[in-house]
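Pasting the structures here.
The same chain A turns up in both complexes below, where it pairs with chain B and then with chain C.
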Partner chain A sequence: MAQVYEAPLRDMRFVLHELFEGEDFGDLPHFGEFTPDLTDAILDEAARLTRDVLLPLNASGDAEGCTIENGVVRTPAGFRDAYAQFRDGGWAALSSPPEWGGQGLPETVNKLVEEMICAANLSFSLYPGLTHGATTAILGHASEDLKRAYLPKMVSGEWGGTMCLTEAHCGTDLGLLRTRAEPRGDGSFAVTGSKIFISSGDHDLTENIIHLVLARLPDAPRGVKGISLFLVPKLLPNDDGTCGPRNGVAVAGIEHKMGLKASATCQLAFEESIGWLVGEPNKGLAAMFTMMNAERVSVGIQGLGVGEIAYQSAVAYARERLQSRALSGTARPDLPADPIIVHPDVRRMLMTMRAYTEGSRALGQWVSRALDAEAHGADPETRQRASDFVAMMTPVVKALFTDLASETANLGVQIYGGHGFIREHGVEQFVRDARITQLYEGTNGVQALDLVGRKLGAHMGRYLRPFFHAVSAQLADAAKTSARDLAAWRSSLEQSFGMLQLSTGTIAQKALKDAEEAGAAATDYLRLVGLVGMGHCFLKAARIARHRLGEGTDEADFYTAKLATAGFFFDRILPQATAAFLSIKSGKRSLMALPADAF
Partner chain B sequence: MKVLVPVKRVLDYNVKPRVKADGTGVDLANVKMSMNPFDEIAVEEAIRLKEKGVATEIVVVSIGEQKAQETLRTALAMGADRAILIVSEDKVEPLGVAKLLAKVAEAEQPGLVILGKQAIDDDNNQTGQMLGALLGWGQGTFASKVEVAGDSVDVTREVDGGLETVKLKTPAIVTTDLRLNEPRYASLPNIMKAKSKPLEQKTPADYGVDVTPRLTTVKVEEPAKRQAGVKVADVDELVGKLKTLGVVA
Partner chain C sequence: MAQVYEAPLRDMRFVLHELFEGEDFGDLPHFGEFTPDLTDAILDEAARLTRDVLLPLNASGDAEGCTIENGVVRTPAGFRDAYAQFRDGGWAALSSPPEWGGQGLPETVNKLVEEMICAANLSFSLYPGLTHGATTAILGHASEDLKRAYLPKMVSGEWGGTMCLTEAHCGTDLGLLRTRAEPRGDGSFAVTGSKIFISSGDHDLTENIIHLVLARLPDAPRGVKGISLFLVPKLLPNDDGTCGPRNGVAVAGIEHKMGLKASATCQLAFEESIGWLVGEPNKGLAAMFTMMNAERVSVGIQGLGVGEIAYQSAVAYARERLQSRALSGTARPDLPADPIIVHPDVRRMLMTMRAYTEGSRALGQWVSRALDAEAHGADPETRQRASDFVAMMTPVVKALFTDLASETANLGVQIYGGHGFIREHGVEQFVRDARITQLYEGTNGVQALDLVGRKLGAHMGRYLRPFFHAVSAQLADAAKTSARDLAAWRSSLEQSFGMLQLSTGTIAQKALKDAEEAGAAATDYLRLVGLVGMGHCFLKAARIARHRLGEGTDEADFYTAKLATAGFFFDRILPQATAAFLSIKSGKRSLMALPADAF
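What follows is the complex of A and B.
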């Protein structure tokens, strides 16, 4: 057994077409041409491409890693061809706007394709992923001249992109940044400084790489208010768009990492590299953050992808690994022992993995719908509501999905037993790869602080409203249900939702007097929001499944399984909400009791 | 030159087939269906002929249930120009398929019909040959290379003893083998374009063809499970066993 992945197309179609049908943010005429038959055709082909082209390079890419020789970075064998196939097929341009050569897919579909790419090969996903992020920032903030010169080739995937934020002494706190940009007198700037942890910083997949670099102007104020954003190409383009001379960007080294080994993470040295200002002087952080927020949702989706492949690989092994007999008596007398999937403890792990991935996929799809409505909603009120929801859910998607992914990947190894710990089976790679998703684009601790610090109390709790309203509305709507299981699940959700409302009030109050109280509650609060969000989605899914089964469907297997997973979620996962609630309630007292020098 | 490519919607090659509990056939409810892999090779070959400037138009045709539309859209997304779906919710046997294709060929007048040597669901390997007989056209089956020159086509065939090349006068029929080419993935822009390419719907009655099955399926069952083997201590014991089984003298 090894790494097993087949895109979960049925569940993807469920979250895309059925789960939120006719709800939330209304119809989006902008995407009228993306009818279900077209989106399904896109998902089908993406499933083939990811399974047949990207998946076979996942383990080999991990084993070989990226290499650097004479300052030139090489990706593992097969990556160049795979990237060429990916780019030529138009997949790099998936969600970019058509006016710049993109395909303009809705985020609802785009995020499902992203999930497939990340599941099949997380390292690979970073190359088109960073390019897309850089493209977004250029689209939002750069001058028309810069857009015309760089966007077409970046959108098509011919050129790559990066985000250069981190320096050795500054990660989360970008105010400490030292890279400098001096005006050259012709409108351009000379950028000098060192950056680390630059994903896709250098590689052999594209002819040119366009770096977006945070740096300080000579007269810049100190701290985060003095940071500007610059576009610095690896090779300076000639007037006709071809690549010209090198631009003083050197690769000082590649990082030696725990996982994600086929993604080239570089240390870059800029030496009087020519760059152009993107957006306003000293407003670089805001420009970078439009891209950061979009990327945070994508990092959540990365976690979901890794979780899904870990789950599928574990199911395959649990079905085939023969050890001992079932506790209830021999299940397979024709075999020397029963497959380990008969054991309740193995089921506990598989169901946990399944509930986490299905719950994340559903919640992710809800947020994707809001992303589309934020940009293309029918009226300003809808767009604002969608935007508020995205603002609140971005840190939740990022931190919750990636925390669950790590847990899922670890459970996968557990199911393989000792065989999971050795490399041949390929499942320990998921643990190593998933680990970074909890760290980059802002650690999960930072996400939790973002939620309680910037989102919870802002505008009198306005960001929370669309979420709270949706959950209340469903609880009211489902109160009529006569089905006993649905009624029980509804009441579990109602309880957890009550705990969430209480906690929200408590934190808002305590934080007014003591900011450390908010910090002490942050991680548990984020988990509580996430659990209620997934519970909301599972109740919705279960009600749809029950309805379809009642009507009569030829897909009884799918809907029955959906009910089973929902049942497990409410019985075995949602109780975590109570633990989070009690932790929050206890406040910061015991958490901060030990003086720093007593550690 | 126009190229006609018949395609069939079959159980995806990655899916492990399950026999229905009542033994009437393979369970196709809610399993992934795809284009027959040999037909995919046929579509790819037609597209390559078009890219070389040999073919001018590629028409794909499928006979089967309404959902076979998806299979035709896949072919259109790969690069075919238009599609014909002959809807039949009942199973159509190779002879019925060949008769329908003969009618389509008469109407469309293609220079080449390229089709898979067999479909992976029933493995009949009959349709191409029957179509050749019905139309009276030359046929190059199990093709691993196809070269069109003027009004003839050289088809290299994979036969038991090696490779055989036949020269056929067009119009002709080619059935594809695995090594002919490696089909492309549909590009995203082409998937989007495929939606607006023409897809015509017909029924067997439109062509005046009776597709009533001539065969009766008695029973479908899984192959017998392999029994565990016996370990032998040495060569002598092996030879002894083989002698008892009457395999060697």
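What follows is the complex of A and C.
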């Protein structure tokens, strides 16, 4: 049994067209041309690409890894061809603006395509992913000259991009960074310093790579207020747009990692490399955060993708592997033993994986709708509300989806038993690949601190309001349901939501006096928000499913399965909320009791 | 920063000498010679050996792995020397009976030494570990002739041992196995078949390897009732005990694994290999289970060991890595940033790791006391009670400790941030190594089924009684405490214990009508038992600590830290019990609702 993946198109169409129909952030006439027929055709094409082109390189890319020889980085066999197909098919330009050659796809569709790419080949996704992140920062902050010189080739995927933030001594705390930029007198700068952990920092997929580098100008203020952002190409473009001479960016090495081995993670040495300022001097962090926030949602989607392939691979094995008889009596007398999918504990694992991925997909789609509405909403009030929701949910999507992805990938290995530990089956790769998503673009602990420290209390709780209002509104709306299961699930959600409301008040109050109280509650609070958010989506999904089944539908299997997954979520997953609530309630005391030198 | 490990001797002496003083299974005069002075000296020596000899080979062994060339398996550089020191120092013979050259150490001490070995080098531990397992089965079931021919060299560590159960199509379900044994007419048998996943199946550490192989006799009944156990040496011994000719056992390959890379996991092909029956014909599974049950406790200890080195490595990094300022205000103005150990979310992770390892060590020691009492208790009633307790706790120790170990190893990586994903820091190895402990010797799901299916309801709940009585007795005894924190923790334990009692009743009742109900509850029930068990140990430890501090002690730091860890456990870990309880309560309905073909 090997890695198994087919894009879950039916569930994707469900979250895209049905789950949030006519809700939340209103219609977006901006995307009028993207009719359901068109978006479904795009999803179908993406499903083919990811299955036929990217998936076959996932295990082989992991086994071979990237290599470096004489400072030149090579991706594993097949990656160059796959990237060429990807680029030539227009996939790199999918969500970029049409004025720069992009296709202007809404995020609601784009994030589903991202999920497919990440599922089929997480390492591969990093190459276009970083380019897209760099493009976003250039779009938002660079001069028109820089945009004209770089965007067309980056949007098309001819050139790649990177984000160069981390140095050996500073990751989370960018205030410590040392890379410096000296004016060269002609409007350009000489950038010098060492960066580590640079995803796609060098490779053989594109003819040029455009680095976005954080550095300090001479006499810049200390700390985060003295950081500027520079665009530093690997090869300096000629005036006609072709690639010119090398620009003093050397690859000092590639990292040997636990996973994500087909993604080239580089140490880069900038030695008086020529670069141009992006945005205002000393405002580099703000520019970088535009990109970073977008990336954080994408990292959440990475987790979701890995979770989905882990789930599908586990289902396939659980159907095929014969071992012992069902506890309820022999299920398959024609076989020497029953397929392990009959065993309740295997079901528990499969259903957990399923609930996590479906729940994440639904919640992710809600956030994608807000991303589109933030950019193209009908009025300023809608755009603000969407933006508030995105601000609150960005750390949740990043940390929740990736924590659940690691759990899901590990459950997948568990279903394979000892065979899961053997490399040839390909499922231990999912554990190793998923692991990075909890770490990069801000560790999940940093996400939780962002949520409680920057989002929870800001503007009198304004960021939280769209989420809280949506859950309240559904609870009120569903109160009149007569279906017993829906009523029970609604009541479970109401209880968890009550715990979330209480926790929010407690943290806001305690943190006013003692910031460590917020830090002590952060991770459990994020999980509580995530559970309530997924519960909200499952209740909504279940109500739609019940309605469709009541009307009569020729897709009864799909809606019945949705009800089953929702039921499992409320019975078996949502109880985690109580544990999170009790942890939060206990406060910082026992957590900080042991002095640092007593560990 | 690299892998950091020093045996936690103070906590080991605490669980060994203080935690269960004068309790449970009474004094064991059999071990009278092992005075505290002697056992402490043994622990000190083991600490030196593991730190100086085994730890330095842990990362290098992982990087190099085992190799096979022309059918010959080689361990990584340094392993031969380390094994020679280990063997010559008498460590291989530690817990074996003196009549066969062993040192007869009680399990209470032996399991602490095992923990050290597994912490310093999990892969290494498999070589003596499997030999010891094979020795146990031979001791328990083989003829005197076989014992005389094999035990002395196996006990001393001159020869190695293996357990050959698994075949490609059968792991959990040994009833399916196909390896066969034909009588050769001289009392020996010709064994033919293919085995996979054989730990220490071949290597260069010992001159001979003694395989214990499950196989079928001609005309054996089908299924598990037709399996016999055979002793099959790699080299046939001559009459004088030296190694003679090869015995048709070929290494078909070694597995490429996620971790545990310095442990040689072999595919073995037996081709008319000469072997001898161990125990009765067709009773091989019973003989193998003697060994398997002992191994399961040891696998739990493996998890504990990996958890401890992950914890220590994370503490060292959290003290050294400077990043951002404390939320409560700058802690170290002399440094460019504060060490990350000041951050509450880092504390949360470190305290979780600490609570898991200390809790597991205490619970493991309780079980070790029962192992000793089972063998050497003063009277049959004590031995039976100890044996019942071991029967119940074996699956709990195996599954709980290893699940917590993987969680702990992952938290360790999380504390390292992106650096945790890079191989040179050595902490992602702990995640990869720990992963196998949840899978082998019966997956953790199989352990949970053993607990609810074979132990919970058997003999009117007799297996559970020693555990339930001990917790009840402490709750009664601690009811009179006037210390506020102890009273609060006692009350938390009482609540969780109530949930455990309720769950036990519910499962016992439901399972009578429907075995799938037991399967659906199994994993959560095992976790609930484990949480209550650790809570029982933490309350006991806290009461002792409070008492010692009240008396006055020059080790106030140790006892104060114990109280802090206990407080954290009750505030932050024990709330998981509620989630497990609610999951169990929901029963099998939502878990089995989705038909197998709808996944």
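Please note the rule applied: the second predicted complex is superposed on the first by the 599 of 599 C-alpha atoms of A that agree within 3 Å, B and C clash if a C-alpha of one lies under 4 Å from a C-alpha of the other, contacts with A are read in each partner's own complex, and residues count from 1 in each chain.
Just so it is clear, a residue touches a chain if its C-beta (ideal position, glycine included) is under 8 Å from a C-beta of that chain, and two chains touch if they have at least 3 such contacts.
Quick caveat, the model's predicted, so the values are computed rather than measured.
Undergrad: Could you look at A:Trp91 and tell me whether it touches chain B, chain C, both or neither (first, second, both, neither)?
TA: A:Trp91: touches chain B, not chain C.
Undergrad: Looking at A:Asp557 after the superposition, I want to know if it touches chain B, chain C, both of them or none. Which is it: first, second, both, neither?
TA: The answer is both, since A:Asp557 touches chain B and chain C.
Undergrad: Scan A:Gly461 for contacts with chain B and chain C and give back first, second, both or neither.
TA: A:Gly461: touches no partner chain.
Undergrad: Is A:Gln103 in contact with chain B, with chain C, with both, or with neither (first, second, both, neither)?
TA: A:Gln103 sits against chain B, while chain C stays out of touch.
Undergrad: First (chain B), second (chain C), both or neither: which does A:Phe568 touch?
TA: A:Phe568 sits against chain C, while chain B stays out of touch.
Undergrad: Which partner chains sit in contact with A:Ala41 here, chain B, chain C, both or neither? Use first/second/both/neither.
TA: The answer is first: A:Ala41 touches chain B but not chain C.
Undergrad: Which chain A residues come up in both lists, the one for chain B and the one for chain C?
TA: Residues 557 of chain A touch both chain B and chain C.
Undergrad: Under the definition above, what is the set of chain B residues touching chain A in their complex?
TA: Counting only chain B, the residues touching chain A are 14, 29-30, 32, 70, 73-74, 77, 185-192, 194-195, 225.
Undergrad: Chain A touches which residues of chain C in the complex?
TA: Contacts found on chain C: 166, 169-173, 175-176, 197, 255-260, 315, 318-319, 322-324, 326-328, 336-337, 339, 341-351, 354, 406, 410, 413-414, 417-424, 428, 431-432, 435-436, 438-440, 443-445, 448-449, 514-516, 518-520, 522-523, 557, 560-561, 564-565, 567-568, 570-572, 575-576, 578-579, 582-583, 586, 588-594, 596, 598-599.
Undergrad: Going by the contact rule at the top, pick out the chain A residues touching chain B in the complex.
TA: Per the stated touch rule, the residues are 6, 9-10, 33, 35, 37-38, 40-42, 44-45, 48-49, 52-53, 85, 88-91, 93-94, 103, 334, 554-555, 557-558.
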